[in-house]
Structures are given as C-alpha cells and as structure tokens.
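Working notes, structure below.
Per-chain residue numbering starts at 1, and chain names A, B and C are given in the order in which the chains are listed.
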C-alpha cells in the first residue's frame, strides 16, 4: 500500500495557520510539499521560501522576438520584396511601422507567457493528478487551506511527517494515494474505426473546402450583366458581332481630318494661326526639345547623337529648310518625310504650330544680322554691339 | 457626511464568508433559467435576428442599401465599429490598469467587464469586414505569401487596425481565460453533475490551487496586466489614427489619440454600469458589486467625460488659433451647420449631463446613474457620428456637398449588433461565473493573514 | 493587524539644503545677470526654460497632492509634505515671471507690431496673442494656483495639530475642483509660453504633452527628495520598499505616457505632412538640432525605460535616485528642445554658449532655497492625516 502513497494532506481553517504551517514545513527541510488555497495568500511564497518566478524571462525573450519579426517582416515586404512609394513616405517608414511592431510584441509576449506558464511551469493539462477528486481538494477549492507533504520527498518518514502535521494542529489529516492506473483500450476495433472515419471525413471536408467551396461564387450579378460587350459574340445582331460599325462618314468628336499626303503640301492654305508670343514659343520650345531635338539637335543643327548614322538627320538651317513655308514644316511634322515618321499622334495641332514658330526662332537666331542687335539693345537698354 | 478616512472600506460588503461568496456567484450556474431570463433572451435574440436579416439582405443586394454615398463614404458602419471598440475598452482597463493601481474594488466587476470587452470587440469586428462589401475576401487583410506576390500595406492605419483589434481580442480572451482557470477548478470541485464536471475539468486544465502555481499565476497576471494596459491605449489610438493621419479638417488633429482613449474608457464604463445595475439586482450580488463600486465607476465616468470635454474645447480653440480657414469652417459647421443637432446631442450627453456626478447623491442613486449612463452611451455614439459624418459632408468643393442619412438597413444592423452583444451577455450570465470567485475571496474580510508573527517587514 | 510603530520626531532638514541652496542661488544670480548683459535674447530664452522647469515642478507637485486626495491614495500620504514644499514655489512665480514679462519682446515674435502688420495669420491670432491679455492670463493663472496651494497646504498643516477629519473632506473637494482648472490653466500656460514661441505652429495635443513632462518632473523631484531623506533616516521605517516600488512604477508609467504623447504628436504630423505643421519639426531637424531631437528620444524614453523595466530596479533606492536626477535633466532637455530652436540665430543649428549652462545653476538654487525655506519648522510627515496609518502600513 505504501508504494502508492502520494502524500499526507492536512487541512486548516485560517490563513494565519497556513502561513505558520508553511514556515514550519520549510524550516523542517522538506522540498516536495505544497500549500493549497482557494486564492493566493499574501506572503505565502516568502513563508514557503520560494524563489521568485522566472516567468518574466519568457515574456522578455518572446516580446523582443515579436518586435524583431514585425520589423523584419515589414522591412522585407515593404522595402525589399515589393517596394512601393505610398503617400510619399520612404520604403522603410519607421514611424508608420511602430503600431504593428508594438502589437506583435504584445501578442507574442502574452501568448508565450501564458502558454509557457501552462505547459512549462505548470505542466498542464493534468487532470489525473492524485489530488483530484479527493475530499481535500474539494475543501481547498472552497474555503480551506491545505498542506501536502509528498511521499517522494527525501526526508519523508511517515511517523515524522505525522508528528509535524499534528504539531500544527490541523482540522484533519488525510492520506492521499495514487489512483489505480486506468487502461485505455486504444486498439479496440471500435476506436480504430472511429479514427479512420474521422480521417476520411476530415480529408473529404478539406478537399471540398479547398477545391470546390473556394471557387464557388456566392452570386455573380456583377459579372453577368445583360449587356453587349465589345469584341464579343452576340446573337442580337444578324452578323453575330456585339459591336456595330459606325455610319459611313462619321467623324469622332474633336477630330479634324488632315487630308493631305505625300510631298503635295497645300502650303498656301496651311497658314500659321498662332502668333509667336512668349507663351507660344515656350510651348514650342518644350515640345521641340521633347520630340524634335533627339534627331535634329537642341538647336536644329542636326547634331544629335544620331549624327554619323545613315542617313544623318538634316540640319534645319539649310537654305532649303529656311525657305520652307510654315505650312510645309507643319506638313512634314504631321506626315513625316523620308525616314522621319509622322508625329500627328504625339503632337497636337496647336503644339505643331508652336514648334513651327520655335523653329523659325532658331533659324533666325543662327542667321542674325547686325541690325538685329540694335533692336535687342533698344529693348533691353544695354549695349552689346561687340 | 462623515467619513472615517483611517478605516478601509471593505471590498466585499455584508461580511460574507468564503463559501457564501462562492455560493452566491455559482448559484446562477446551478439553477435552471427562469421565465424572465427567456424573455430577456428573446428580446435580444429578436434584435439579433433583425440585424442578421438586414445583413443578409445587404449581402444579397449589395451595400448600396446603406446610406453611404459621396461625399460621406465612411458612415454608420465605421461609427458603429468605433463605438463598439470603445465599449470594449472598459473591461481590460478595469482588469489591467486598476489591477496595477491595486484597486481592490475592481475584483467584483472585472470578470463581467472583461466578458463585455470580448463581446464588444466581436460586435466591433463585424463592421469593418462588412464595410468592405465583400466580407468573404477578408483573408486578404492578412500578410501571407500569396500567388499575386502582393503584400498588405503596412503603412496604412486600416491595416494597423487589423493587427490592433485582433491582438486586442486575443489578449483579452487569454486574460479572461487565465482569470477563469481557478474558478473552473472551484466549479469542478463543487458540481455534482457528471457532464458539467467533464467540461469544467477540461477548461480548468487540472488546476489544483497550488501555491507554487499561484506564484507564477500572479506573476503572469501582472505581466499580462502590464502588457494589456498599453495595449488598451494603443488600440483606440490606432482607431483614432484611422482618422487623424488623413489631412481632412476635423479628422487631422494631434489630440485624437488621447481623446479617443478617454472617450473609449468613458463609453466603456458607461456600458459596464448600464449592465451591472441589472446584474447585481437580478443575481443578488449587491454585496459583491456594491454601491461603492458603482460610485467609483461614476467618478471615472465624470473624469473621463471631462477629458472628452477638454478635447472638444481644445479642438475648437486650436481650429481658431491655427488660422487655417478650412479647419475653422469645419468646426463652425459642426456646431451650427446642418448636423448641429447631432453635435449638441453629443455635447449635452457627454459633457453636460455627467456633471451631475459631482454630487454624491446622484453618484449613489441607481435611477439617476442609469439615466446618465444611457445618455452617455447615446452621446458617445453621436460623438463618432459627428466626427465621421460632419467632417465628410462638406467636401472641399461645394458641388460635392451632401447630407447623409442612415437607411433602415444601417439602423437594423446597429440594432442587430446590440442584439448580438446582449445575447452574448445574457448567455454568459448563465454559463460562467459573472464574478471572479477566487479574486473576491482574496479581498473578503479575514481572507488575508494578519501577520501576527511580525515577520512581515 | 500588525502595525508599524509611529513615533515621529521633527528633525531639521540636512544642512546641505540651505548651504548648497544658497551657494547655487548666489552663483546663479551673478552668472544670470552677467549673461543678460552679454546676450540678452539668449539669456531670456534660457531663463524661460528654467522658469518653465520650476512651473513644472511646482505645479506638478500641486497636481500630485490633488490627485492623492481625489483618488483616495494612501501610500503617498506619509511623504505628502514633500510635494507640498515643492508646490511652495508657486507664490515665488509672481517674482520669477517679472523678468520674462519685461523681455517678452525678445522671446515672442508675435510681440512685434511690425511683424503682425505683414502677417495675416498673426493678425487673426492677435485677439489672443497680445501683450496685455498675455500678462493678465499669466498673472491670473499663477494667482489661481497660489490660491489652491494655500488652501490645500493650510488645511493639511492645520490637521497636524487638530487631527480633524473634515479637513481631509474639504481638501478632497478643493482638489476635485482644482483638477479641471489645472487642466485648463496648464494647457494655456503651455500654449502661451512654449507653443506661441513659434506663433504659426499649432497642435491640439500640446497641453497634454507639456502635462506629461510636468508630472515626470514633479514625480522625479519628489522621489529624489524622499529617497535622499529616507537614506538619511528621516523617513525610517515608515517608507518601505513597497513605497519605493510605487515611485518606480509611476515614473515608469509616466515615461511611457510621455513617449506615447510625443509619438502621437510626431506621427500624426509626419504622416499628414502638411507644411503648416511640419515646419516646426523640420526646424528641430535642421543642422545640429537633429542630434538633439534624437538624443531626446534616448534621454527621455529609451534610457529611463530600460532602467525601470525590471521589477527589482523599481525599488532600488540607488537606481531611483539616479533615475530621478536623470528624469529631471530629461525634462529640462525637453524644454530646451522645445524652446531654443525658436531663437532666431539658432534656427539653422545649435551654437554653443556658456549661457546655456548658467541657468540650471540658478534653477537648482531657487528650488533648494525655497524648499528649505518653506519646510523649516514644518513636520516632514503629515502627522495628523487620518490616512497616515494606512499609508505607513502600505503593502503591495
């Protein structure tokens, strides 16, 4: 019988008695003993001479791990894997990362503390402990205070322990025994069948959920609308097309056709409608630099980096080019010439005329006369004759 | 009024013994629910059903059924979200901050307030998810490596919300469960029903009230409280960031974080008092949830109410002081524009009526406090309404001005959230101990040693 | 219940208080006056920092007293006299503020009429930011504080002999009335003396920001004195580790609170990126100011946070002494960071001057001297307070 003895349990009625009992037991040198009370009694850990709880270390380590995980995750996703500028903030926007870092720190620290305490410090769940379902447990669970000295203790000696407990004058002393080992019929057919059924059910549900359920649309109204889609078949029209061709001669809004092609520029009807004002010239300069300068050079000399390749981009300062009418230059920009493609789609009509004006300015500047200087001097009030 | 300041007011009135406390708290779990219980449950269940139907119809036809439209794209769903998150702040505040401040009076109300926190956060969580219009895609809110090789935007306050609210829910739940473990063990040891015993055994994990365990348990409780305290602040701070990081006048103001936190505590305490007034009466817990406790909660309501009032005033003053025209317009418009009615409901309910709590007589009168806390609940809902809607309804171009009205479905879903909340509360009162048995025992008369030995220095 | 014996005998404060107080005061006055002659603007700015530091300690202490009454706290009763003595600096503010009012032209951009003329925004603020209203506000605020100081302090001292419990009731009521008034006055004090140094800038949280620093300064000052006096045997054995732990925990809490408020203000302004707000931070990011800004985070948050994190460190008297001096410095540094970049010649970066080192000496001198003067003939422990016994037997 002694083999199965777990220990002796004594019950007390007041917190003062239990503090005294704890102190005496600790002083007697017992290691494997425990105090049970329905709530934490102040000062009991001091009376039992318990070392301070080391739980805080788990919290610290996992809290820091949480911070590190959060920061690394955000750094990697936002600055390395898929960097994107959001709201003009840097890729590694530390102030904006603080909230999530904090949350993950708290989350990890709390969960680790609790799980660590329950599994590592308490070794729970443990519903088969010998103390469970004893009269003793029922009492300390409600309004009594109990002391248990385990038989496993090195100093355990039945008579001595009894003596010590009696000297504390408890309400009662109880002997606690290990419960008989229960046999678990794990390999019974019933149980195995149950397990197999569970396995089948789980895989079936998982298969259904992952391969079917996920792809079921709850409703598809947004997608299935009763309308004709462009480029799609339709039974509504006899020709089977969803799209209709516009009526012959239809002109799109804001679109003016340019009927002239080839070298036949009707230069007499194409007159520059824009005056070379400052704004117009600025627009022309901007567009010239964007679209024309890559070949013709910044000042129209044809000296871009394409020079030296065949054919050289022509200079705009040749006599031929200078003698072009405005309409001719406009026509060339619109339709292209030789290897120069059409720029009609990139440059609007207004911009084309502005470029023409700007080219005129460039041509004039390259061929300035001394009389021009006088005009300039008059306007600016300086003397730049040399 | 004569108070003896040298004497400590007992945290548990009526000189109850430990077994009496246990008996009192566990009685609702041992008895069959009566007719009143089912009436209450059917009322809250009907509200829940109404909400569920409105939500179902909204899913079926789309969220065009709600009032949200240009320029007020954020409306009642977000108002409800912030409202419920706010309610959810009292619980953790009571269990964490008051624990750190060693306020013994928290023991009687902590469990209930924590439960309310969890239920309120559940209610709150519904709204952002349904507001997306396609709640079945909510998984995209989490950062996981997916085949689009896209990540969530970690610089967005809406994502911070995802993390904050889910962390808050998890930590509150853990905190609550940790507190419940010893109570499960107590219930396990007193019950005679075999089914109940199995359930309680599973949840108690085999707790045996060992002092070696209590030591770690208390340490863990303190660590958790230490984390939960800044967590409470952070959650409503992040909710306030949803508004305040924008550049919208009326939303972008630096006082928002503490202002929102104070408002959350304010509304949370009001809700806790609202429910406790009934609970203590119905379950005969007047000795454990005493009038003193309610008075202290009313003081907190008064204090936080004035903090909220301070923020209202500060916003107005700085709007004028800043010299920014748009800012000035928003605040004038708030108080005297088309939504002036909402603004003045908010001010009177949140700032003016709680001033009655300056008087001890009103603080200790159940009917008065009940009326005031109901008004506070109303006022705090309107506060969020005012912040959200009045800031949006006057866009920068007068052509995009509008007047927002919530529809039947908006209100139905709001009522449904109340139904959900109260259904959960009512179910909770009958299935779990509404007061922490072990904590109340610990502060009962004669529960702690007297240190006759003089050992204690 | 087991009780700690209480047999208090009044002892004079250690002679160091009066001796060092006087030395610092005289040295401080001489150096301060000299610096006013050398660089008036810089001296005025430095004097403002010290003035605000003294406001922080004095007003914060009064707030701590009121908080004790309103919250019904008992643990802080045994040493409530210490914040009462610090709050005794409040009447002195009437004198200390005079030089600032004279030098307001050096301090405040909005005090220049020619500046207002060209500035639409300053014109809009003129009804609030003008010299006469400013002076009235300042004096009225100080008068209110002094009034509450006298009431609370007189009732508390009366209780030493009369042991009348109704005095506690009275003080609770006055404290309850004081706290909302405190909130308003400290906010506008912060707006007036710190925020309006840069009159175009605005932030709704600024009052709370200054408040968080105030409480840290007052708590640190009280902690420092209590720990020093306890080590010299003035509070033995009535102040235990549990009291010290509460000090440590409160300091820790408010360090976090400050960081929370400071971060909220910065984050929102940084995120929204509106030019009318960001320029204030950009000034503090300019040139060498960036070092000060980063140091502020380290000094005011990271170091005290790390030093107070663990449980034993919160009740270690040596560490508490160190950290309270550190936090007093941190608050001073915070004020320096708030004030100095507003000085025109320092806008592009910090330039060292010995004047910056002079004024803390003056501050220490004023605080020590006034503390010593107020506390003479007074009990260091409120012997008649009904909560005292519970405060002495305070256990966590």
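Note that in this section a contact is a pair of C-beta atoms (placed from the backbone, for glycine too) under 8 Å apart; a residue touches a chain by one contact, two chains touch by 3 or more.
It should be emphasised that the depicted structure is a prediction, and the values quoted were computed from it without experimental measurement.
> Draw the chains as points, connect those that touch, then say whether the picture is a line, ring, star, complete or other.
complete
> Would you mind checking which chain's mean C-alpha position lies nearest the centre of all protein C-alpha atoms?
B
> Looking only at C-beta pairs that count as contacts, which pair of chains has more of them, B-C or A-C?
If we tally the contacting C-beta pairs, B-C comes out ahead.
> Roughly how far is chain A from chain B, going centre to centre by Cα mean, in whole Å?
Those two chain centres are 29 Å apart.
> Between chain B and chain C, what distance separates the C-alpha centroids? Give it in angstrom.
Roughly 34 Å, centre to centre.
> With chain centres taken as the means of their Cα atoms, state the distance from chain A to chain C in Å.
43
> Which residues does chain C have that touch at least 2 chains other than itself?
267, 271, 273, 395
> Can you list the residues of chain A that touch 2 or more other chains?
42, 56, 87, 89, 96
> Touching two or more other chains, which residues of chain B qualify?
230, 237, 241, 450-452, 456
> Which residues of chain C touch chain B once you look at their complex with the stated criterion?
Residue positions touching the partner: 1-2, 120-121, 124-125, 128, 165-166, 168-169, 176, 180, 183-184, 187, 191, 200, 202-208, 240, 249, 256, 260-261, 264-265, 267-269, 271-274, 276, 385-387, 389-390, 395-396.
> What does chain C use to touch chain A in their complex?
263, 266-267, 270-271, 273, 310-311, 395
> Using the touch definition from the top, list the residues of chain A that touch chain B in their complex.
Of all residues in chain A, those touching chain B are 14-16, 18-20, 22-23, 34-48, 50, 53, 55-56, 59, 73-74, 77-78, 81-82, 86-87, 89, 93, 96-97, 99-100, 102-104, 106-107, 109-111, 113-114, 117-118, 121-122, 124-129, 131-132, 137-138, 140-143, 218-219.
> Mind listing the chain B positions that touch chain C in their complex?
So the residues of chain B in touch with chain C come to 1-6, 8, 100, 102, 230, 233, 237, 241, 244-247, 252-258, 306, 310-311, 314-315, 318, 321-324, 358, 450-452, 454, 456-457.
> Can you list the chain B residues touching chain A in their complex?
Its residues touching chain A are 17-19, 22, 59-60, 136, 143, 149-151, 153-157, 159-160, 163-164, 167, 170-171, 174-175, 178, 182, 185-186, 188-190, 201-202, 205-220, 223-224, 227-228, 230-231, 234, 237-238, 241, 437-439, 441-442, 446-453, 455-456.
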